[in-house]
Amino acid sequence: MNLPNIIESILFVHGEPMKVSRLAKILNKKEAEVEEALAILRNNLAERGLKLAQNGGEAALITVSEASGFIQGLLKEEFSGKLTRAALETLAIVVYSGPLPRPEIDFIRGVNSSFTLRNLLVSGLVEREISPKDRRTFIYKPSMDFLRFLGLSKLDDLPEYGEFRKNLEDFSRAETNNRENKENVE
Amino acid sequence: MENYQIKIQQFEGPLDLLLDLIEERKLSVNEISLAEVSGQYLDYLKKLPRMPRAQAASFLVAAAALILIKSKSLLPSLELTAEEKESIEDLKKRLELYKKMRRLSSHISSLYGKNIAYKREAFTGVKIGFIEPKGLKTIALCAALKNLIKTFPAKEIIPEKIIEKVIKLEDKIDELRRRMEKTIKTSFREFAGIEDKIGLVVSFLAMLELVKQGIVAVVQKEHFGDIEISRS
Amino acid sequence: MNLPNIIESILFVHGEPMKVSRLAKILNKKEAEVEEALAILRNNLAERGLKLAQNGGEAALITVSEASGFIQGLLKEEFSGKLTRAALETLAIVVYSGPLPRPEIDFIRGVNSSFTLRNLLVSGLVEREISPKDRRTFIYKPSMDFLRFLGLSKLDDLPEYGEFRKNLEDFSRAETNNRENKENVE
């Protein structure tokens, strides 16, 4: 087992700084072993496009400074305030049908929405919270900032709110049933 | 031949049913194996309680080709028309391709979910606060939803052409049975009337069903000749 | 300027697959230069804890399969459904002979695949785009998520892929001609 590589993968996915003690627990290794592996990883990354940052018993992967100008450019372009068609559609579903989990949004749209939803989250238009029904999943709803921006004090004020909401609910219920039936058959 | 039991299983279409029948016997796709499984295929078709019509049509089109193959295997001297030959070739080719795809799908199922490679959530750790969506009005959200609702898949609509093609097998069987009660002898041509290909297949299946049930006996005196149907 | 390293950083931040054309635009380089840098990056990552995945003109960083057991527990919302036989068959057709429009999938399977395809789109294993040949129709292709769920970094790594693609070209041309003639007749 290549510990430095596995740590690289874990830090990559995790995104935020991670405690060495947590890494040790996940990997079922001693902290000293993890520290050792981190030193190797730091070395492995010496010539690479990512760096290992360590601070106060925490480790994280970060980008190289040479890339920061381009990353700023990417972010500026991505979060310009202009919404793509996919973003508008997803936002509309979250506003009219939320809070709801991602699989339901995907169902309604007929395509996977993870990237679009992610962008809406980062732009602060949408918020997510842990689902009270299933703690392993998130549910998505419009942010307060966004509702304020639209000038809505409550969702009922949205045009055709009741009708659309019912429409979407009926559809996702029918879809779910349909899918379950079909899967039982196969 | 009757040792092979068809599992009561829902087949989506003719190709997966046929391939299952062939592979259960560890045969390859050719006319001999198709002739061998044709009886079971037709049996299965007759046992199906209710089938969506579009599906029924595709099952019957394959049945027509199977009946040709079976007839040819029973009567080697039987001459097939160019169109008939083509429908047999077509079925074989499609089965071959379908078989290949099914085999390739096993590569996917053996790898799927075993060693997932993970991605990073987009823009993890990027914090930029609220970005005002310039010029966005609620009416635009409304319009987006309206457009989306338009794309919802409608309950399956079967093209009229297919509905036209499908005649219920039971109706045909009943019709033949009633006719046999009235007259002692009839002929296939008289029974089937002027019908399209599917109609003929259904009529033929209906006749076979009655033969199997011991209600009628059939005699064909010459190739391409009419089939005499009599009460047995 | 170290292009492969900068691309690594950009892909790290972007997370989701990125079009080569978009990378070229952000970096103000020619697409060929980006492709070249991607090849170097793929090579740089050979022994690392991350891999470069490439699919249909897109690139993304993904984790090495050695790490997957450890990462599974860290995440919410990962898709992990079992595939039905219909889904597997449809997927095989889309993967091995795609991109292709639905009528061709239906023809090979001998059944209407619209329901199965919709589920594959929703789960993100398949993507659709407007057909370059006929702008009123969609063509379907395997997504980067499909590769990830199989732990692959490119379609070429699928068993029998290269071989099948080679045979396919002649075969499908002949089939299409054949079928078009017949449809005109009917």
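Going in written order, the chains are labelled A, B and C, and every chain counts its residues from 1.
Throughout what follows, a contact is a pair of C-beta atoms (placed from the backbone, for glycine too) under 8 Å apart; a residue touches a chain by one contact, two chains touch by 3 or more.
Because the structure is a prediction, the values reported are computed rather than measured.
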item: Centre-most chain, if every chain is reduced to its averaged C-alpha atoms; value: C
item: Greatest separation from subunit B - chain, by CA centre; value: A
item: Distance from the mean Cα position of subunit C to that of subunit A, given in whole angstrom; value: 21
item: Length of the line joining the C-alpha centres of subunit A and subunit B, rounded to whole Å; value: 44
item: Euclidean distance of C-alpha centroids - subunit B vs subunit C, Å; value: 31
item: Multi-partner residues of subunit A (each touching 2 or more other chains); value: 9, 12-13, 75, 109-110, 114-115, 118, 186
item: Contacts with 2+ other chains: residues of subunit B; value: 118-124, 126, 153
item: Residue numbers on subunit B that touch subunit A, as the complex places them; value: 10, 118-126, 128-134, 136-142, 144-145, 147-149, 151-153
item: Residues of subunit C that touch subunit B when the two form their complex; value: 12-16, 51, 53, 60-65, 67-68, 71-72, 75, 78, 80, 83, 85-86, 88-89, 91-93, 95-96, 107-112, 114-115, 118, 144-145, 147-153, 158-160, 164, 175
item: Residue ranges of subunit C touching subunit A (in the complex, touch as defined); value: 1-2, 4-10, 12-16, 26-27, 41, 44, 47-50, 61, 63-64, 66-67, 70-71, 73-77, 84-86, 115, 118-119, 121-124, 127-128, 143, 145
item: In the complex with subunit C, residue positions of subunit B that touch it; value: 12-16, 54-55, 58, 62, 93-94, 97-98, 101-102, 104-105, 107-109, 111-124, 126, 153, 156
